[in-house]
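Next up, some structures in structure tokens.
Look for chain A in each of the two complexes below; its partner is chain B in the first and chain C in the second.
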Partner chain A sequence: MNDTAIQALGLSAGYGGREVLQDVSLSLKAGEILCLIGHNGAGKSTLLRVLFGLHRPSAGNMRVFGQMPANYTPAALGAAGVALVPEGRGVFPDLTVDEIFGLALWSAGVAKSAQRERIEEVLEVLPRIREFRTRRAGTLSGGQQQMVSIGRALLTRPKVLLLDEPSIGLAPKLFQDLIRPIATLRETRGMAILLVEQNVREAFAISDRVLVMRSGKFIFEGAPSDLDDHAKLMELF
Partner chain B sequence: MIAYAANLATIVAIFAILAATLNFIVGYAGIFSVAHAVFFGLGAYAGAQVALLLMPDALLACIAGAIVAGGLSLCLALPALRVRGEYFVAASLGLQMMATTLFSEAKAFTGGIGGLVGIPRPTLFGIEVGVLPLALVALALILFLTARLQRGAFGRTLQSVRDAESAAEALGKNVAAAKTLAMAFACAGAGIAGALFALHLSFVNVESFTMDQSVLVMAMVIIGGTGTLWGPVVGAIILLSLPSGLAFLPFIPPTEVGAVQQIIYGLAMTLLMIFRPAGLVGDLSKGRATS
Partner chain C sequence: MLFLQLLLQGIQTGALYALTAAGFALIFGATRIFHFAHGTAFTIAGYVFLACWRIDQPVLGALAAIAAAVLFGLGMERFVYRPIQRHEGSFFTVFVAAFGVAVVVQNLVGMIAGRGFASVDTSLSMAEEVLPEIFLAPIFWVAISVAVVLFAALSAFLTRTHAGVALRALAQNPDLLRAYGLSSNRLSMLAFAVGSAMVAPAAILTAMTTGLNEAVGHHVMLISMAATIVGGVGSLRGAALAGLMLGVAESVALQFVDTQWAEGVSFLVLFAFIIFRPSGIFGVAQTR
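Entry: the complex of A and B
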């Protein structure tokens, strides 16, 4: 199997005639954690939306494990193994955690007989979810909601996980507790992770590679250690 | 007296259709439109034109009303896909104001301010029928379809869009298609109500399709219970029976009935929002209405 999880070439996209992504190319290998940083409005979330099929690119194409998706829709890209954890939790406040998981499994077309096993897999990675499975998501803390959102994405057994600023509103320690089990999935399952983050220190600690984005273009690519120099990071950011 | 009761029942049934279809987008899809009277009007004018120009067949008039209103629902769907919440309310308000002006000016289709008069009595397959049974059948059909759609995959998708659009997108739901289809269904239903309204009154003009009417229908949905199957029907019964009931109270002068009615509406809405925010049929325990 092709070990390049996502290969995007020349992606451009925008809103109402304003180009937000400009001829962006990236490759993400299986088992790699790629951290994408940039100031607000740089185009990071738009890139994730394009990679998940929520926003159609005006130019360019992408391959998932060497295959062109049947079309640029979340359903087609989800079937190809891509999952998105959107910015701002993305949970249904009136549903319990179990109901959210049930809805996710139903949406992904997972057979009832396989659903319990899928949920157990997620609970192995994020065991603290067991403590609040029967509670409504709207009553959970920010960290718990983020856990549910990530757990929901993992239920589909993704090969590529797109995480959009999972640390928003979380204390650094809480973010560490949340992200480290996810990071282990690259070793245990060979999962590729594209992590959009503002919390640079925590994100760099688990990332293999860093991309810096400004005004819809990549302006830096390298190892996290290349940005140890605070002045250089500030200059790019 | 029987004729009066039958007339009231017909109007209640027609407005119950209107409220039930508005509830479909407000309660299940979370799209707060204050332009539902526009689609009610489009259906009424389309149904009236069919009856005046072709034949007064109720089925044909309802189909025409549904097609015209459902087709033009894109006017509402397009802003709904771009903006949410209070921004969409403002966009639908703009549509309502624009449509009221168009209804007044497009004389060839609407008859202008004078409206369309002399709409013949409805028939069904050549036999003259009353509008009440037709409206009751249409209401039953709309409620049945709403219940079916709400319990199925489409309903779950709509509710996920309502509760958390970004989460629905992350589940791979086609949010744009769900909103557009919901809007088309609701507006087509409003078009059917409009066609029946035109056939019942034998006369339609722009005054029945103004902002006030949209607000009245929204009040029916909220008072009955948004996101419930029977709430809008209960809301329609209460809000339309109330003025009729007041007219029979001997101590209220006939000239003051309108003012008293407005005070009671306002008071009822305020008290309801304080004590039963989920509406009369809504589930208080959940804080959100359920069917």
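Entry: the complex of A and C
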């Protein structure tokens, strides 16, 4: 099996004639955690939307484990093993956690007989979800909602997890509690993670590699330790 | 006794209003499309049933009425609303397009089936004295039963099936639904199919009771819209309850006003809600 989880070449994308991504190429290996940082409007979320088929690129192509997806739709990329945890609270406030999980399993086409096992898998990684499975997502705290959002994505057993700023609105400790169990999945399942994050310190602690984006282009690629020097990081921003 | 008679008639009418209002509320709640041609689905379903009844095919007629309403709803979603939305058309564009279709269909029905009232003769609508001075036809019980069963089925569909839960999710955040890998276009079509199917039983029962005319859809639409607002936008049970309430209000008002003012009573109720409780019965008050 090809160990490159995602290989994107020359991706360009924009909105209404304004180009947000400019000829971006990236490679994400199986089992790797790649952290993508950049200021607001740099194009990070757009890149994730393109990689999950929510936004069609104007140029370029991508492969998932060496295969071209059947088409650039969330359904096709989901079937290829990609899952996205979108920015903000990726839950439906009037649905219960169980309903959200049921919806995710249904959309992924998981057989009814296998659904209980999938949910148990997620609850092993994020056990606190057991405490509020029957509650409406809108009544949960920000951290609990983010947990549900990530748990929903894990139900599809993704090989590639795209996380868009999961720390927004969360205390650093809460973010650590949330992200560390996810990070272990790269070791246990070989899952690749592309993490867009503003909380640089916490994100660097679990990442293998860092990409810095500015104005739709990558301007730096290296190990997190390369950016330990605060001055250098500030210079890039 | 007159009051009780009018109340029972109102419950029968209200049960049918509840069905059409629930269908409209489902479509509007899930897709945020103001489907003004919802009443047109009612007209089409009713006249399809009438045509089949006249060739002694009532069962086929009921099935064909449901199919016709569903096809009309799907056609509106696919060929009218979706192209408008693709070009980011405004609420007003959607309204005018739907209104135009409604007028065209009304005229076509008038040309094909003839203008004026048409109904079917059935023993189900023959009233009998069940209590002194109280007359009820068997269709009363049919209307109530159909409304209760269909509303229970719709509630079960929305809470116990994945497709139903997905429709509720569509109402809350269509963009997020795409991140779940679901197609909001397909779910929108499902909302139109289910919502439009809800009008067919009401149209059939109306054909058996008060009868139909080519303009009946406008009245149905106005009632559905009023019930959706009175019930609380986004609440199916609110729309159904409000539909029932408006039917009862229209009927009971006949004790005090002439028949031609009955429809106005529904709008008095609507205005009262807009002024005193704009969020409706089950709606949540919005703050600016």
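Quick note on the criterion: the second predicted complex is superposed on the first by the 237 of 237 C-alpha atoms of A that agree within 3 Å, B and C clash if a C-alpha of one lies under 4 Å from a C-alpha of the other, contacts with A are read in each partner's own complex, and residues count from 1 in each chain.
The working rule: a residue touches a chain if its C-beta (ideal position, glycine included) is under 8 Å from a C-beta of that chain, and two chains touch if they have at least 3 such contacts.
Source: prediction; values computed, not measured.
Superposition of the two structures on chain A shows chain C clashing with chain B. By the touch criterion defined above, A:99 lies against chain C but remains apart from chain B after alignment on the C-alpha atoms of chain A. After overlaying the two complexes on the shared chain, residue contacts for A:78 are found with chain B and with chain C alike. In the superposed three-chain arrangement, chain C is struck by just one stretch of chain B from 63-71, 99-107 or 207-215, namely 63-71. The interface of chain A with chain B overlaps its interface with chain C at residues 52, 54, 74-75, 78, 84, 86, 90-95, 103-104, 106-108, 152.
Across the complex, chain C is touched by residues 52, 54, 74-75, 78, 84, 86, 90-95, 99, 102-104, 106-108, 152, 156 of chain A.
Residue ranges on chain C touching chain A, taken from their complex, read 162, 165-166, 168-169, 172-173, 176, 178-183.
Those residues of chain A that touch chain B in the complex are listed here as 52, 54, 73-75, 78, 83-95, 103-104, 106-108, 149, 152-153. Residue ranges of chain B in contact with chain A, taken from their complex: 156, 160, 163-164, 166-167, 169-174, 286, 288.
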